[in-house]
Amino acid sequence: MKLFSIKPVYAHCDLPCGVYDPAQARIEAESVLAMMQKYDGLDEHNKLRAVLLIEQRTELVKQHLWVLWTDYFKPEHLEKHPDLHEKFWLATKQAGECKHHMDAGVAQKLLDMIDEIAKIFWETKKN
Amino acid sequence: MKLFSIKPVYAHCDLPCGVYDPAQARIEAESVLAMMQKYDGLDEHNKLRAVLLIEQRTELVKQHLWVLWTDYFKPEHLEKHPDLHEKFWLATKQAGECKHHMDAGVAQKLLDMIDEIAKIFWETKKN
Amino acid sequence: MKLFSIKPVYAHCDLPCGVYDPAQARIEAESVLAMMQKYDGLDEHNKLRAVLLIEQRTELVKQHLWVLWTDYFKPEHLEKHPDLHEKFWLATKQAGECKHHMDAGVAQKLLDMIDEIAKIFWETKKN
Amino acid sequence: MKLFSIKPVYAHCDLPCGVYDPAQARIEAESVLAMMQKYDGLDEHNKLRAVLLIEQRTELVKQHLWVLWTDYFKPEHLEKHPDLHEKFWLATKQAGECKHHMDAGVAQKLLDMIDEIAKIFWETKKN
Amino acid sequence: MKLFSIKPVYAHCDLPCGVYDPAQARIEAESVLAMMQKYDGLDEHNKLRAVLLIEQRTELVKQHLWVLWTDYFKPEHLEKHPDLHEKFWLATKQAGECKHHMDAGVAQKLLDMIDEIAKIFWETKKN
Amino acid sequence: MKLFSIKPVYAHCDLPCGVYDPAQARIEAESVLAMMQKYDGLDEHNKLRAVLLIEQRTELVKQHLWVLWTDYFKPEHLEKHPDLHEKFWLATKQAGECKHHMDAGVAQKLLDMIDEIAKIFWETKKN
């Protein structure tokens, strides 16, 4: 079973780097989900650490999504995907929700929202 | 052309999160390579920025590799892959080389070294 | 010459803090503008530092704007100000432009865009 | 109720930027005060987050005050305001106190101390 | 009671700086040990802060050790000290253990492991 | 040639950690000095990196000094060393000078100022 495969990223991009990948946000969000799924089985000390680490990881999710939104997407992408702004706004708000609620459903919803953005991202790469 | 596909990461992992992925180091290294490939075509101002950004990105490569090495890998992995320490040491040193030389070959070698580590990583996930 | 005047901060806020202020983004952007205005008069060593510091300060502008966009603004604000997403997107993109061009006009435009957002922000505080 | 009013920022400044504003420390301190005022009404999970966020915010208060003290103030300001060092020392120590005591009075005293520093700051701007 | 004594730093170093010192990791680890020794005497609020601060400090320990391992040590050092990789790996893993267990013995063991590395470090400086 | 010797750290400390050491500021300042001494021998690419790294290292010097000033020193220390505030203010300003001038003399003066502070620090530890 192959869990992950990294294919080449071609340099269709702007100055000075042009490498973007929604996987960065997703990996952090998976980490949030995993911590929430394990939360009940943790001792008090590690429960406390989970809250702290989820705070950090959700900040990273937001950070990666914001960078993608501002730096990667261009007006022509917005024309094709007019709800892109709303999708990013709601996804970063959902990351904030993960801080308030220790609930794997909330984190799963965040993952789904990132996957929707990733789908659009990879579509723009085809053209 | 599908550039990237994220498959599910299964939670075979320790407290408190267990989500690791060599893609984090790779994405930053791809960014370093892309900047080096574009370097000659940049104006003076952006050449300077490229040096600065490569400095930051290579630090992130090192960071992601160090975390993977210390936090993910276990003694049983070392038994099967006795050169794992050396591979991580040389790969993080190679990231440092990318700071000294504006040379796409140096960055490509870093990517190759990350890919070797990624291969071992995904093998350990099979068991 | 009065450059800016920040209105009172009212304590209408959510969990867990609720204190937001567009002044945070503006102060960093003023710093970017000031550095660009002085750039030509700097020696080589400090010109280089200016590029580096503008890189950092524009990142802080983006950071403060993103937080304001995601964390402060609510759906009811969007209804009243349907171009809010676009304003934030373009303002954070403009902050990125300040990295590419050592041009006070580009930084002044960023300040104007922040001021437009600030105006909306303070309107929402009245209600 | 008007909590604070920030006066205009004049462009009297040094290399390489010269933009300073005590509002940066104050906004973070307001956030600390707001969290302390809300603390009793929070659920356990968010109480924990409040402690964590107050830790971060008070660090930012200290950071902004230290930068102002070292980078903005000059020997001629010290001559006019010989207790300036003491004021900054006590204000940054007070920020530390906010970490130890979940007490809005402690945070309010920090705000008062920042306001005293801000008053001196704006006086130096007049000359 | 003498807890630690740091030997002189000789200026044998590489581009661009060459200054390394295991004291950086040790000071952070001492801080972790001190917090663990005081933990039982703290009130609930400061117990929580201790967990948070130990999380940060152990990260700094790991960071300083990783930098030393990758950036300072050279192949000729490895020849003389073939267990160097293992020592760094176990020491950074031990720093991670300090996050899981509020136990001064765990922190003391970390200090001992850092001291072993420091001993090797200072031996390499003699030659 | 012995550049520096750090005396033992005694565990006289406050909540929640109490471990302070002027060596932290000194190690970063030594790094700044070393980079300045090597500067002329560097190629263009690494000269640029040196400016960037000196910017970061001097920030760390300031950070470590500020923490020491605010968090470690108490009113009774000020009584015995009434020029302590001035010493810290001038030392952190000197760190700022290191950013403006690629001049080993400026960095050496910073080291001397840190050593004066370290001397006072270790005197307070004796009592």
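Going by the order they are written in, the chains are A, B, C, D, E and F; count residues from 1 in each one.
In the analysis below, contacts are C-beta pairs under 8 Å (C-beta built on N, C-alpha and C of every residue); 3 or more make two chains touch, one makes a residue touch a chain.
Note that the structure is predicted; figures quoted are calculated from it, not measured.
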item	value
Matching chain pair for D-E (criterion: over half of the contact pairs shared, by residue number), options B-C, A-C or C-D	B-C
Which of A-B and B-F has more C-beta pairs touching across its chains	A-B
Of all other chains, the one whose Cα centre sits farthest from chain F	A
Taking each chain's C-alpha mean as its centre, the one farthest from chain D	B
Averaged-CA centre spacing for the pair chain F and chain D, given as whole angstrom	24
Rounded Å distance between chain E and chain F, as computed from the means of their C-alpha atoms	20
Cα-centroid distance, chain C relative to chain E, in whole angstrom	40
Residues of chain E whose C-beta touches two or more other chains	15, 46, 48-49, 52, 100
All pairs of touching chains, each written as two labels joined by a dash	A-B, A-C, A-D, A-E, B-C, B-E, B-F, C-D, C-F, D-E, D-F, E-F
Touching residues (chain side chain E, partner chain D) in the complex	45-46, 48-49, 52
Interfacial residue positions of chain D with respect to chain E in the complex	48, 51-52, 55, 99-102
List of chain A residues in touch with chain B within their complex	1-11, 13, 15-19, 21-24, 26-27, 30-31, 34-35, 37-38, 42, 46, 49-50, 53, 57, 115, 118, 122, 125-126
For the chain D and chain F complex, residues of the former touching the latter	15, 62, 66, 69-71, 85-86, 89, 92-93, 96, 100
